[in-house]
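Residue numbering begins at 1 within each chain, and the chains themselves are lettered A, B, C and D in the order written.
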Amino acid sequence: MSCVLQNNAYGKSRVRLTKVIRQPQRHELKELSVDIQLEGDFAPSYTAGDNSKVVATDSMKNTVYVLAAEHPLNDIEGFAVHLAQHFTQKYAQVKSATVHIQEDLWNRIVSNGSEHKHSFVSAGDEKRVTTVTSAQGALEIESGIENLLVLKTTDSEFWGFVRDEYTTLPEVRDRIFATSVAAYWLYGQQQPDFNEIYARVRQLILDVFAKHHSLAVQQTLHEMGKEALAACPHISEISITMPNQHRIPFDLTRFNMENKNEIFVPTDEPYGLISAQIVREAKQMSSIGADKAQAKIR
Amino acid sequence: MSCVLQNNAYGKSRVRLTKVIRQPQRHELKELSVDIQLEGDFAPSYTAGDNSKVVATDSMKNTVYVLAAEHPLNDIEGFAVHLAQHFTQKYAQVKSATVHIQEDLWNRIVSNGSEHKHSFVSAGDEKRVTTVTSAQGALEIESGIENLLVLKTTDSEFWGFVRDEYTTLPEVRDRIFATSVAAYWLYGQQQPDFNEIYARVRQLILDVFAKHHSLAVQQTLHEMGKEALAACPHISEISITMPNQHRIPFDLTRFNMENKNEIFVPTDEPYGLISAQIVREAKQMSSIGADKAQAKIR
Amino acid sequence: MSCVLQNNAYGKSRVRLTKVIRQPQRHELKELSVDIQLEGDFAPSYTAGDNSKVVATDSMKNTVYVLAAEHPLNDIEGFAVHLAQHFTQKYAQVKSATVHIQEDLWNRIVSNGSEHKHSFVSAGDEKRVTTVTSAQGALEIESGIENLLVLKTTDSEFWGFVRDEYTTLPEVRDRIFATSVAAYWLYGQQQPDFNEIYARVRQLILDVFAKHHSLAVQQTLHEMGKEALAACPHISEISITMPNQHRIPFDLTRFNMENKNEIFVPTDEPYGLISAQIVREAKQMSSIGADKAQAKIR
Amino acid sequence: MSCVLQNNAYGKSRVRLTKVIRQPQRHELKELSVDIQLEGDFAPSYTAGDNSKVVATDSMKNTVYVLAAEHPLNDIEGFAVHLAQHFTQKYAQVKSATVHIQEDLWNRIVSNGSEHKHSFVSAGDEKRVTTVTSAQGALEIESGIENLLVLKTTDSEFWGFVRDEYTTLPEVRDRIFATSVAAYWLYGQQQPDFNEIYARVRQLILDVFAKHHSLAVQQTLHEMGKEALAACPHISEISITMPNQHRIPFDLTRFNMENKNEIFVPTDEPYGLISAQIVREAKQMSSIGADKAQAKIR
C-alpha cells in the first residue's frame, strides 16, 4: 500500500500582542491575537523528520512582536497583509501564508464627561477579525465581525413553515429575536479604508436588525447581506451566520395566570443556525473563497 | 462511630429569565439568571430519604417565573428580596433563603442617532449581581459588579517590594495596569434606590481607575473602596477583588531593537490576585457578613 | 446593482440526547449531541420571508428524538446516516443534509472488581464524532476522535530547523511532547463495523504516540496517519490536527540551581498547530472531501 | 467619615507546573496548578502604596518552581504544606498563607497490554485538589475531588415532596441520576498517607453512587459522607456538593409513540444544587473550618 501526504500546514496560534502608541495627547491601544499557518515545501518534516526548511513556530511568534514594533497597526488588515507577505517573501519554501487576527476591542473610559487619554474599558466579547492569505503573489483579504449579540423584543414573526407529524412548534406573529451575528466579507483587489468599512458594516447590521420587520431569521440575514454589498463597493461578497438564540415563552396558564408575551426562558441549546453567502454576482464555485464560505456554512 | 449532618442546603441554580415590559413608547428588557438556596428543616431528606418537607427545585424554578410575571423588576435587588421572603414566609420549614441574581446587561441600539425602542445590543460580559438572604425576619442585601474589565497604559508603578533570592521581577515606574474588577457592597437597613447606587459605584470605580496614580494594585483597590463608602452612605462595607492581568514587556533587544515600552505580551496565567474588604467602621468578626467576605478573599 | 444568494444552509445545533437501552443484564447508555444542516430550495425564505418549504429547526429537533426512539444506536455513524437520509428522502426541497454527531463517552463504574450494570463514570473530554452528508443519493461518512490529550516525557526532539534573525528557540534533543489529537477519517463506499474501526484507530494513535521516537510533531502525526491507513482498509483518507501544547523549561540557574530537565511551565497560548491530510492515493482537489479537509487545515 | 481596611489578602493564582521524575524504569509525571494567598502586615501597600513588606506575586511564582525542584511531590498535600510553611516561616509579615493546589490527572498509555513507561493519556476533567493554611504555627489541611461526573440509569426515585400551586414536577419512581460530585474533607492533626485516603474516598463515592438505592440526591450525598467518615479515621469532616444534572424525559406521546423511559433530554441549566457538611461530631460554629464549609454551601 502507498499513501500520500495530500495537504499539510503548520503554524502558531494565539500569539497575543498589546501595542501602545504613546502620542502626546492620548495613548492608542491595540490588543490582538494572531494565528499564522504556512503551507509549502514542508513534506520532509512529516515524512522523514527533516526540519531543514521548517520555520519554527516559536520564530513565527517572535516575528509577530518584531514586526508589530515597526508597524503603525492602524488596522488589523494592514498588519495581517504585512505579516503574510513577510513569510511568503522571506522564505522560498513558503507557498502560502494565512494570517488570522482577532482584535479585542476597548472603549475609552468616560470620566466627567470626557474621554480619558490613557484609560480604557472593555467593549465586551464582540471581536473584529481578519484573515489574509498571501499565495503566488496574490492577496485575499477577508474581514469580519464576531459575537455581535443583539435582541429585539418584537417585529419578528415565524409562520407558514412545513407542518407535518414532526411539527409541534406553534406559528407565531410576535416573538423575541435574539442572535449572535458573525459576518465575514471579502475585499476586492483594492485596499480601501478598512476601519471605515468595518464601522459601516457593523452599524448597518445593527440598523437592519433594529428596523427590519422579520418573517424569518433567514430574511433578516439576507437583508443585512444585501445592504452591506449595496453600501460598500469594495466588498465582493459577504457570509453571515446567525444562531437563533431562542427565548421560549413560559406557560403561565398552568398557574392560573394569563400569558401576556412577557415572560420567557432563554436557552443556549439546542439552537437554530442560519447562514448564507451573498455575492455581488454569481461566482464559479471553483475559487478558494467559495470553498471557504462553503466550509463556514457547514 | 456517630456522625452529624452539620450543615445542609439545596436549591436551584441558573434559572434564566427574560422579561419584556411592553410600554407604549418603548420596551424594557430584563435578562436574569437566578440561583436559590434554602436552609432549614431538611435533614430527613438527607438521613432517611423523607422528602415531605422538601420544596422541589423544579417548583423553585416555577416560582421564579410566576413571581417575575407579577413583579415590576425595576431592580434585581427588589426582586431578590421578594423571592427570598416568599420562601421564608410561605414554608415554615425554610429557616433561611438566599437568592443570588446575575443580570445580563443590554444597551439600546442607536440607529440614526436615536435609541431604538425595542432593539438591543449586548453590553458585554460585565454583570450586575445581588445576593439577598432572608433569615429570621431579617434581610441582608449585598450587591455587586463583576467582570468590569479595565486597562490603563500608564500611571502605574510597582517598586520597593521585597527583594530576595526568589525575586527576579524588575522594579518598574511605568507599566500597563489591567484588571477585571469585582466589587460587592453591603447595604444597611434601609432600601435605597439600588439602580442609582449601582450606577454611582460603577462610575466611581472607572473614575478612580482612570485618575489614580497607582503605586500598587492594592492602593488603587483601596482608593476605590474608600471613595465608594464616602459617596454612598447606604453602603456599610465593600469587598473588591482585582486580578492583575499582566502585560509582560516583550524583549526586543534580542532582535537588535530598542525596548520603547510599546510591545507587550498579554497573559492569562499565572495572575496576581488582590483583594480587600473596607468597612465604614471596625466590625466584630462574628457576623455572617464578615465570614462571607473572608471566604471571598480566600 | 444586483446581488446573488450564492449559498445558504440552516439547521439545528446541539440537540442533546440520552438513550438508555434497558437490557435485563445491564443497561447501555448513549449520550449524543446532534447538529443538522440542510441545503436545498430555501432561497424564498431568505429573499421573501416565504417559509413554505422550510422545515422548522424545532421539527428537526423533534425528529432526532423520535428517530432515536426507534433506532438501536449501536454506533453514531448508523444513526447519522439514518437521520441524514430521512431529511433528503422525506423532503423533496432538501438537496443535501449534513448530520454531525458528537458522543459523550462513559465508562462503567468498577465496584468490587466488577463492572456495574447501570452506573457509569465519565470518560472525560475526549469525544467520538461523525459527520454524514446525504446528497443526490450518495453518502459521505467521516468519523473522528477529538480531544485525545496525550503527553510523553521523553523520546521527542526538535532541531535542524531554520535559524535566522527571528530565531531564539534552542535546539533540543529531549523535550516533553504534549498534544490534543483530533483525527478525522473518511470511509469508502462500504459501511464497515464503525465501532471496531474507531477503537482500532484510537488505540493505534496511542500506540504510535507512545512508541514513535519523534523528530518533529509533523513526523509523529504523519506516522499516525500512515499506520491508520495501513491498518484500516475501509478508510480512504485521514486528517489529523495536533496542537503543540508546550511545556517550557523553567530556568533554575537564576536561583543557583541546576536545570535537570525536570521542571516545566505548561502554557496554553501561544501554541503550535500542526496538521495534515494523508490519503490512500493522490486525489483530485475538486472533491468536496478535499475542500473540507483544506478548510480544517486552515 | 472614617473607613477601615478590615481584611486584605493577595497572592498568585494559576501557577502551573509540570514535574517529571525520571526514574530508570519509568517516569513519573505531576501536573499542578498552584494558587497562593497571603494575609498579614500588608495594610501600608493598600493605604499608602508602601510595598516594603510586599512579597511580589512574581516572586511567589518563582518560589513554586524552585521549591518543586527540591520536593519529591509524592502528594499535593505535602507540597502545599511545604509551600505554606515556607511563606509563614520566611517572612515575618506573613500571618497566614493559604496554598491551593489542583492536580491534573494522567493515566499511563496501555500499549500491547502493558503500561508505557513515559507516555500518558489524560484522565479527564476530574481534579484532585487540596487547600492548606498555615497560620500561627498551626496547619489546616483540606483535600478534595472535583468534577467526578457520574450517571446511573435506574435505582433513583423522587416523590413525596411538597405539592402546592407552584408544583408541576410529577412524582417519579425510576429516573436517571446524574451529577458531578465535589467532595472536600478535612484532616485532623496527623498527616496520614494522603494518596491512599484520596483513592479510598474516591472509590467509596463511586461505590455508594452505584449501589445506593436513592430516594433523594440528598440521601445519596449523606450516605457518601457517612461512609467516608466511617472508612477514614483521619478525616474529621467532609463537605459534598452534588449538582443535579437533569435528564428530562422527552414526551413521545405527542408523536403517537409510547414513553418507555428510554429517551431523555440532557440539560445544563437550570440545575438542582444539593450540598451538606457531615462531621464526626457536632462542632462549634466559630471555627474557621465551619465558616469555610458554610461559604461553600452558599
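Methods note: a residue touches a chain if its C-beta (ideal position, glycine included) is under 8 Å from a C-beta of that chain, and two chains touch if they have at least 3 such contacts.
What you see is a predicted model, and the numbers here were worked out from it, not measured in a lab.
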{"item": "Fraction-based call for chain B against chain A, same above half, different below", "value": "same"}
{"item": "Distance-maximising chain from chain D - centres being C-alpha averages", "value": "A"}
{"item": "Centre distance in Å when chain B and chain D are each reduced to the mean of their C-alpha atoms", "value": "23"}
{"item": "Geometric centre distance via CA averages, chain B-chain A, whole Å", "value": "31"}
{"item": "Geometric centre distance via CA averages, chain D-chain A, whole Å", "value": "38"}
{"item": "Where chain D touches two or more other chains at once, by residue number", "value": "16, 62, 66, 166, 168, 255, 268-269"}
{"item": "Chain A - residues contacting chain B, complex", "value": "16-22, 27, 29, 31, 62, 65-66, 68-69, 106, 109-112, 116, 118-126, 148-155, 176, 203, 206-207, 209-211, 247, 250, 252, 255, 257, 260-267"}
{"item": "Chain D residues within the chain A interface of the complex", "value": "165-166, 168, 254-256, 268-269"}
{"item": "Chain A-touching residues of chain C, taken from the complex the two chains share", "value": "1-16, 35, 37, 39, 42, 45-63, 66, 91, 98, 158-162, 164, 166-169, 214-219, 221-222, 225-226, 229-230, 237, 239, 243-244, 268-283, 286, 290-295, 297-298"}
